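Scrolling down, you'll hit the structures one after another.
After this come two complexes, each holding chain A, first together with chain B and then together with chain C.
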Partner chain A sequence: MLRTVILMRELVRMYIRTKVEYPGAMVLGWVSQFVSYGAVYTAIALIIARFGMLGGWTWSDMAMLLSVHLLTYSVGASFSFTQFREMEDLVRQGTMDAILVKPIGTWLYMVFSGFNIGYAGHVVLAVGLMAWAITQVDVAWSLPTVLFLVATLVSGAMVVCALMTMIGATALVWVRSRHLYSIFFGFWELARYPITIFPLPIQVLLLAVVPMGFISTVPVAVLLGKPVPLLGDFAGLACLLAGPVMAGLAMLHWRWCLRNYQGAGG
Partner chain B sequence: MKARAYAAFTVNALQTRLTYRHTIWAGAFGDLVFIFARIAIWVSVYGAAGAASAANGVTLPEMITYSLLAGPLLYWDYSRLLADVGTAIRSGDVAVYLLKPLHYPAYLAASHLGHFLFELAASTVPVAVIILLVFGLQPPASLFHGLAFLAYWPLSFMILFTLATLLGLAAFWLMTVQSLDWFFNAIMTLLSGGMVPLWFFPGWLAAIAGHLPFAWISYYPAAVYLGKLEPGQTLLYFGIGLVWLAVLLASLAWLWSRARDRLIVQGG
Partner chain C sequence: MSAIIEVSGVAKTFRQPKRLPGMGGALRSLFSRQFTEVRAVQDVSFTIAPGEAVGYLGPNGAGKSTMIKMMTGILVPSAGTLSVLGREPHAHRMTNAAEIGVVFGQRSQLWWDLPVRDSFDLHRHIYEVPEARFAENLAFLTSMLGMADYLDRPVRQLSLGQRMRAEIAMALLHDPKILFLDEPTIGLDVVAKDAVRKFLARINRERGTTIILTTHDLQDIEEICPRLIMVDDGKLLFDGELPRLRSALGSRRRLRLEFGTDPGPINLTTARLVTDDGAAKHFLLDSEDTSILDVLTELGNGYDLKDVTLEEPAIEEVIRTFYQSKPQLAATTP
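Here is the complex of A and B:
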């Protein structure tokens, strides 16, 4: 166990060193992503400035939602996205075989050898926006609400990481799986808005099929005391359970894919 | 080089994409979900009290049509183009293109027209049909506006293509295009009108954005289609758009002549 922890630390350190080799590119990357998200949020703010509210949510409510969305996504994705996006190349080129025989868990190796510090710009923007939104929204902050926020952030990040892992693992069986990320990002886009603005079939998809609702829109609705369709009073508990449940499913899927891995032929 | 040869690049790109056609459905589904989100936003804000006065005479069916035109149709995915140029420069493949009797930017235009046509047929048209069946779409405001849209469309394509290629060529100096992609994405999100049409902007911002070339990518073509510009204005802004395109093409030609001279292949 201790050996694994030390290994993980070394893997992360190695990856960070490769990135710090090009400090200009790294910082430019952070700034550019910060600006890009800022532009989307400005566009949403322009709509709300014009029409007053979005689905009954004011701009400060939306700022809370957007910051939670960005934070859970960037934390979850730093453990998973770029790593598992490359998975189909690893399978196709046979590099995966070399990773499989390493004396460390395959998932751990993949996650920590590519732990992506490129999300720093996301995190700075998300934390800054959240700090402002927390003072603006109509919530009586207390220890339980703060604990709930922190727990749902962890749970949401787990949902992101679990879904990314499942898509990546699929490449072990299908060889190709990168195209599935466009489905992920479709739902990811939906999770940016209050769930009540969508028609029922999309709400069902967001809560039950690709449970991205739990990374942002459901926990923030619970915090702000807004109604959550389909789940009602169960919504708060569901937010806390979503992460662990998805992690369990992802683990099962990962193992099944590893068992059925045959290489890309040749 | 002959136009026929460039047409072959277009067909070639189209065929390459057809080979991987089993991955199409995921992209089309992603696009569909994306456009549903946009439409849901407009349905929601139009449903609220006082929306009619805030909307400035623009109706909800018009906004649904606008979302489709300004989004997937006009604002095509230029990141593939940027990535192609970036990879060619980083890997040194661009040297191969320089050896061939062709003009690299023209080759890029031809091959990305192929990608655009593929995505139009495989993703945009099916998405448009679904939106038509679920929400309904508006016809052009008049025959004149419909024809004007057909003229604005290629103008929009060429402006976006030229801007993306200009950015791509910046990789000759910066060696990376990823950050530029994000910056460009930020500018496009706000100033092209792809997400929020300029008529919902505060006046001063609309005045600035309305005269930058980005607005010709999504906003003007879609606004013309919906008849939001008078015939006189339609022609005037088409002329301004052509001037912008000429300026951008001239910048591209200049940058390309500079870039050829300073090609450094990494590690080469």
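Here is the complex of A and C:
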């Protein structure tokens, strides 16, 4: 265990050092993240300012939703996105083979050797927005609600990380899997809005197929006491379970893919 | 001595979904159950004892890398049994990994943007090498491979030869019992190849590290590996020592006889005439047991013989004949 922790620290340190080799690119990345999220959030704010509400959600409700959405995503993605997006190349170029001959868990190695501090910009933005939203929304904050928020943030981050892992693992068998990320991001964008504004088929997809609803819109609805379609009273429990369940599925899928890994020729 | 690697009846078949043409085809091929099968390794068996150095040779696509990947736990064999250090490599991938070193000639395991030393340090953590032992190994390898000049330079700035030496050094930092190398000399110039070969031979001799390397370069095998395993098309063709391969092929030594004046046609039973340039004649010695003396005795004294040269066949030639005649020879392999 201690060894694993030391190793993770070493891996993250290595990765950070490779990034500071190119400081300009890192800073530019952070700036562009701020700008692009700023633009999206401004657009949503403008719509609400025009119509007053979005599916029964006020601007402060929406701010809470957007901050949870961004925080679960950026935490989950810092453990997974860039790492597993590269998986296809790792397989094709045979770099994966080199990782597989190390006496260390392949998933752990992948995750920590590419731990993306680039998401720091996202996290700062999300935490700032959340701090403001917490004071604005109509929630009687207490220990249970705070614990629920924290637990769902963790669970949501796990959902993100699990889905990314599954897509990456698929590359082990299919070699190509990057196109699946566009499906991920399609649903990810939908998870930015109250789930009630969507037609039933999309709700089903968001809750059961690509369960991205659990990274933001469902937990925030539960927190704000708004109705959740299909799940009703089970929504709160479902939010807490979504992360661990998806992580379990991702682990099974990962193992299966490793067993069926064929590598690339050469 | 008991075997460190046992390979018995191992096969590997790659299955790829059949690609159908066009967009619709791409979609359909996702769901179709049609596969193209590539039989990369077929019914290969051999055992390797501790301390051996074995060259794994074969043309492109012969299944060399695939075999290395199975022995290192990357791929699961489709059939047969495989045991490395008493374990099934894929089932015990991580335990196996701790005791072996692997070098891929065509892909780097070093961190591209960081100094060589940083990759080595991380390696120490991953393999839990005790600090003192690590320092000792690093000093030894650095001096043996002449890496002192570039240990602190980013990997991306190194020449291929420098990088390959660093890769090999890294694979040895944790004192592996077996070192697998997949084409370690590919792309290196003569000098770098020579350095790598001398080094590997020495590691094998002095540390007793078992070495298994794949190569296209026969000189690698001549200089490092007393034992040769030859494969083609997934199948094992030959397993044994290089001289045995020569003799298994009837060796085909070439004898050149040069005369002062053209003696006209000569027919001998001990040697077969292959080219006749008048005063210079080339013979092939088909039997290993024939000596030059036998030929000269048969020739007798009636000729104005000026010079005699005997040429051992070049190893390339031996191999070429081997590939050409492999159907008959398969029977002579153990």
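Just so it is clear, the second predicted complex is superposed on the first by the 264 of 266 C-alpha atoms of A that agree within 3 Å, B and C clash if a C-alpha of one lies under 4 Å from a C-alpha of the other, contacts with A are read in each partner's own complex, and residues count from 1 in each chain.
In the analysis below, a residue touches a chain if its C-beta (ideal position, glycine included) is under 8 Å from a C-beta of that chain, and two chains touch if they have at least 3 such contacts.
Just so you know, these numbers come straight off a predicted model, no measurement behind them.
Novice: Output check: A:Pro227 vs chain B and chain C. Expected answer is one of first, second, both, neither. What do you get?
Specialist: neither
Novice: With the two complexes superposed on chain A, say which partner A:Glu21 touches: chain B (first), chain C (second), both, or neither.
Specialist: second
Novice: Of the two partner chains, chain B (first) and chain C (second), which one does A:Val35 touch, if any: first, second, both, or neither?
Specialist: first
Novice: Go through the superposed model and pick first if A:Gly52 touches only chain B, second if only chain C, both, or neither.
Specialist: Only chain B is touched by A:Gly52; chain C is not.
Novice: With both complexes overlaid on chain A, does A:Ile202 touch chain B (first), chain C (second), both or neither?
Specialist: Only chain B; A:Ile202 stays clear of chain C.
Novice: Which partner does A:Gly128 reach: the first (chain B), the second (chain C), both, or neither?
Specialist: A:Gly128 sits against neither chain B nor chain C.
Novice: According to the contact criterion defined above, which of chain B and chain C contacts more residues of chain A?
Specialist: Counted on chain A, the partner with more touching residues turns out to be B.
Novice: In the overlaid three-chain picture, which partner chain does A:Gly248 touch, first (chain B) or second (chain C), both, or neither?
Specialist: A:Gly248: touches no partner chain.
Novice: Does any part of chain A touch chain B in one structure and chain C in the other, and if so which residues?
Specialist: After superposing on chain A, no chain A residue contacts both chain B and chain C.
Novice: Using the touch definition up top, name the residues of chain C that touch chain A in the complex.
Specialist: Contact set of chain C toward chain A: 14-16, 61, 65, 69, 72-76, 90, 93-95, 97-98, 100, 102, 104, 106-109, 111-114, 118, 121-122, 125-128, 154.
Novice: For the complex, which residues does chain A have touching chain C?
Specialist: Residues 3, 6-7, 10-11, 14, 17-18, 21, 93-95, 97-98, 100-105, 259, 261-263, 265-266 of chain A touch chain C in their complex.
Novice: Which positions of chain B touch chain A when the two form their complex?
Specialist: Within the complex, chain B contacts chain A at residues 20, 22-23, 26-27, 29-34, 36-37, 40-41, 43-45, 48, 50-51, 54-55, 175-176, 178-183, 185-187, 189-190, 195-196, 200-202.
Novice: Which residues of chain A touch chain B in the complex?
Specialist: Contact set of chain A toward chain B: 25, 28-29, 31-33, 35-36, 38-40, 42-43, 46-47, 49-56, 176, 178-180, 182-183, 185-187, 189-190, 192-194, 197-199, 202.
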